[in-house]
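To keep things simple, chains are lettered A, B, C and D as they appear, and every chain counts its residues starting from 1.
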Amino acid sequence: MNPDEEQLYRDFEKHGLIPLWTEREGLMPMRPEPRAVPHIWHWDDLYPLAERAGDLIPVGRGGERRAISVSNPGLPGLPYATPTLWAAIQYLGPNEVAPDHRHSQNAFRFVLEGEGVWTVVDGDPIAMRRGDLLLTPGWRFHGHHNPHPAPMAWLDGLDIPFVQATDTGFFEFGADGVIDRSTPRISRSERLWAHPGLRPVSAQQDTPNSPLAAYRWEHTDAALTAQLELAAEGHGGVTEPGHAAVRFTNPTTGADALTTIRTEMHRIAAGHRTAPVRETGSSVWQVFEGTGTVRLDGDRTDLARGDLIAVPSWCEMSLRADTDLDLFRFGDAPIFERLNLARKEFS
Amino acid sequence: MNPDEEQLYRDFEKHGLIPLWTEREGLMPMRPEPRAVPHIWHWDDLYPLAERAGDLIPVGRGGERRAISVSNPGLPGLPYATPTLWAAIQYLGPNEVAPDHRHSQNAFRFVLEGEGVWTVVDGDPIAMRRGDLLLTPGWRFHGHHNPHPAPMAWLDGLDIPFVQATDTGFFEFGADGVIDRSTPRISRSERLWAHPGLRPVSAQQDTPNSPLAAYRWEHTDAALTAQLELAAEGHGGVTEPGHAAVRFTNPTTGADALTTIRTEMHRIAAGHRTAPVRETGSSVWQVFEGTGTVRLDGDRTDLARGDLIAVPSWCEMSLRADTDLDLFRFGDAPIFERLNLARKEFS
Amino acid sequence: MNPDEEQLYRDFEKHGLIPLWTEREGLMPMRPEPRAVPHIWHWDDLYPLAERAGDLIPVGRGGERRAISVSNPGLPGLPYATPTLWAAIQYLGPNEVAPDHRHSQNAFRFVLEGEGVWTVVDGDPIAMRRGDLLLTPGWRFHGHHNPHPAPMAWLDGLDIPFVQATDTGFFEFGADGVIDRSTPRISRSERLWAHPGLRPVSAQQDTPNSPLAAYRWEHTDAALTAQLELAAEGHGGVTEPGHAAVRFTNPTTGADALTTIRTEMHRIAAGHRTAPVRETGSSVWQVFEGTGTVRLDGDRTDLARGDLIAVPSWCEMSLRADTDLDLFRFGDAPIFERLNLARKEFS
Amino acid sequence: MNPDEEQLYRDFEKHGLIPLWTEREGLMPMRPEPRAVPHIWHWDDLYPLAERAGDLIPVGRGGERRAISVSNPGLPGLPYATPTLWAAIQYLGPNEVAPDHRHSQNAFRFVLEGEGVWTVVDGDPIAMRRGDLLLTPGWRFHGHHNPHPAPMAWLDGLDIPFVQATDTGFFEFGADGVIDRSTPRISRSERLWAHPGLRPVSAQQDTPNSPLAAYRWEHTDAALTAQLELAAEGHGGVTEPGHAAVRFTNPTTGADALTTIRTEMHRIAAGHRTAPVRETGSSVWQVFEGTGTVRLDGDRTDLARGDLIAVPSWCEMSLRADTDLDLFRFGDAPIFERLNLARKEFS
């Protein structure tokens, strides 16, 4: 580099400027080159740590939640599963209460095991049971309480990294406890909305997020079972041979249950594998039941109940089921589908 | 009128012209002045006639269906309940088959009583039972068969008058019988779609009409019951005090189940009346259960099970329930909501 | 027919019922069988009659407009060009005023020749000049005034028959004259909206009908010219070889300018013919300039300036241009596209 | 912290976990706390540096463009104006060519001064002139060439940081030069689409990004002028008193011209100031003409032609015009409006 050029680059820096021509390759790669890496966290590691936190760390105002998030090794120091998604194990001991608050970030809980906690969303107490998906769309007040003698842990998923990266989040404290300590078996939201194809006539306006707060395992399981049975009878409905899948949707629009987070349940029949696929945007999967293996950009790992898998953008992924294998999945696809940035490629 | 004017009007006629100034009031009234009138047909009259038709008239190719449609007294000679809606009682005797065909017109069946017939829609056999709503969206092949020793009758609703008035209908014969004579308790369509808030991942594209072919009474009843219970507990959800209502929707979009026909179920708790309301567009109601009265532009009529009520555009309507009163309703509102022609006014 | 059957049919009639099996063929034909017929009205007949009406018939409150509508020979006695569309020649003499009113019906004016009238829509005076399309969306107050010494005539198009058939119309009288007698060259609506691809930031909400009240000939002509030039240079854009066409749209949505009426301008280069096509729904065409022929279900007719062509549903139509041939077209397609009832077939 | 807790935190780290309770405040602040800061770059600094780069740095394959991006002081080392937006000055000397390529990132050029370069988008040469906005939606091939003896510089805007943060970008090299070196005054895209309210009938499908590649200053200027004139005459249309603004839109949908980037032109009449406002999401403004001041979170800065202003999320902004003041603005609002994350607050 000649002295004039050196001076030019120094002057760029002095004026807060950066030339594109030295940065283009990194800034605009030929295909996504995520810093986030494919990674697996094992439930057998997570749960005991959550238990120990339950003994040592009080839950309450300020910290707000006893949630322990996974941190992608490619994003060191950041509590991010992927560049857009936050995934954590949350633990609530006997008689504990996680206080009421609300935030712009969309959230859900998915229950791997146990039961006995109620999440109270805008005053509506929602029982949490194994296999259920519970929603807390942005800006709804919510707290959790555990009126039982046994602790409970579950998966929390949020769009915290996306909201953080885009500076679009607001947060507000609510009541110190939860508003309603009753413990109904199903929520008011379900009583109004969990009827297939039915919509209250009083609900004239579509809502961006789902008004249905709980998607129960009995329905999810039945839907997956039916898809595989229909395939066995020679009819369509499965995603690919041996692979059933349902998406959780907003009944007012038929779109994803949350504006920023896609949520799905997948079932792969024993002995089947899914076609390797790459997609823009990232996902986190959790093994709900069964065993098998996942192949991520060519590397194979065994899977057991509760394991969490981070799949970065454009990572080639394929699953193989040893037993019947159920997995919950959440991802950021709704963002990119709306923006014309979604791509998908089968290998 | 002077001779020049007389000559002018004759010349208009000669050239196929009609002046607006002599017609404006009738063509563009201050508010809707339907030729159709409010009218009630009693099930007690209809059913015996359908039975007699069952004895005398064969069902089969050509006539296609043993359906007897109501004819609005304001539209004499036309088999129209209202200017846009067709409503009929269809009757199928033991071991009879109504042959396969398809048409542009959207259709549904609503079952007031009985069971035992299967409607087969694009090869998917759909059991018909009391309280169920069964869809046949436009251009799907469908036939009905009754494998049982008892006859069955139900309400057919279609957009025949609308399609006729706009010359948009096509019709095609299918198989002489029905394609699949199996008699499953629930259809394949339900196995894929009748799970609250769940959508098969394989169903990427939204469809204009609902992919769910049957809305079962057990779900409709539960939804109505829940709305009234929630109201009793002090929560929202009902349409007005004592009046629960659900709309049947397309789960891929959250919109009406059929593009041209709104379908709803209403329950009015004993002792309540609905607020008098006028709406553009017309509706047909059928009493499903219970007794009460309807007031149509001020005239009151007693209602009993099965009675059919035609409500023309801008007719003021109110219902009063003596016992708990369940009513099925269908109407043409989705057409006008899409076209900016919908209006509603509470008195 | 045996006596029992005869009695049955009498009883049907007595109870206001009509059997489907005797009506099915007419009610649900294999393809549209419109009562409306293809027909052509010649401007050379229409204009002199409008002039005579100008001499004999005053314009004013009650009749509201000196408009003479075409009446399809297949719909005798009805002032309907097709089952959904109304088309008329409106005539306003020197210094005349057509008083202010509003109605649910959507309306437009298309100017074949002349100028000098202002239509005032919700207080915005809009000059009318040759080749312009002027909109009066439903429920906007509007009147016309002619401050000049020469009379003016133009084409009025409305959805009167559709609104009449569906009983969805309201009408209201406004001021006895027009609100604003100023005579600006362009309207306020154009000053806000007639800038290609630009939208006022203050206009946050989309509107069902276009906020742009006038589409000027200079723009329409330029767009058609450009399409044919691009084709000559080897690029896309024309509808088919030698056939340029533009649709008038609502800039807030990109959809048709009016919810119920599609409006388009077509130019066929001398010597070209359009591919024969059938479509559900009906259209009216007006020759704006040039000569040629139209073939409607096989029958050929010569066309001259101002001629009006009614094209019923599913009528096969093709145009041939002797000279360059410009035609304005309006139709009801937006209704059926929204309802999944649109079909189109090239022969 | 007791030894058990210390061990717990060490074990979190060992397993790639981070507790929420120590991070919650930073992760989920009460309102957006962007790392990006309000900042202004002066054109008088930028342009001479671009000129020097023109002398020293060749343009060509690899670096692709002689573009120098601003780097927000709150995001040190990153070539980002805000967390989602990239803004740069691009400089092309006489007879230079920036080679053809395409990428997922949406891009535009806005011309502060000069002319003489053609950007060729998917083979369509588009002249660049003062005040014009030129679009390069994602995945369209594009290169630039300068056939004139004078250099030219302009503002480039892209969603590079957003696409980078979400790992959704693809890049592909095209021809080494540009495909078409012709120099038409207007592009083919404009010949098809730059007619107010008109849409080619051949363009049946809506497109996510605008098919119109150039928005010319003459139209933008006329639209802004008209808004202020209408206000002076007592009519609506301006955004607030003394403040005219237009948004560049996609004529097939009426929505923003690019899926991820809002583009607008603002004019503030001499002596007026805009109401202080905060919004989620970030913007970059460029002074096009005139002088005035900007107040960003209370700090006031004088503005001159070409100055670039970065406005982070939730920064309170107000403008004051000394002379008539025209500003171009681009921002990320379309992303957040689609995701239910948009908020706006007037002080």
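The rule is simple: a residue touches a chain if its C-beta (ideal position, glycine included) is under 8 Å from a C-beta of that chain, and two chains touch if they have at least 3 such contacts.
A quick note: this is a predicted structure, and the numbers were derived from the prediction, not measured.
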>> Can you work out the whole-Å distance between the CA centroids of chain B and chain C?
In response: 32
>> Suppose each chain is reduced to the average of its Cα coordinates; what separation in Å results between chain A and chain B?
In response: 42
> How many angstrom between the C-alpha centroids of chain D and chain B?
Replying inline: 52
> What are the residue numbers in chain A that touch two or more other chains?
Replying inline: none
> Taking touching chains as linked, do they make an open path (line), a single closed cycle (ring), a hub with spokes (star), an all-linked set (complete), or other?
Replying inline: ring
>> Taking the top-of-page definition of touch, could you list the pairs of chains it picks out?
In response: A-B, A-D, B-C, C-D
> Quick one: in the complex, what on chain C touches chain B?
Replying inline: 2, 4-5, 8, 11-12, 15-25, 27-34, 36, 39, 41, 45-46, 49, 52-53, 55-57, 62-73, 77-79, 83-84, 88, 103-105, 138, 160, 162-172, 208-209, 259-260, 280-282, 312-314, 332, 335-336, 338-343
>> With touch defined as at the start, can you tell me which chain A residues reach chain B in the complex?
In response: 188, 191-202, 206, 210, 212, 215, 219-220, 222-223, 226-227, 229-230, 235-239, 245-254, 257, 264, 266
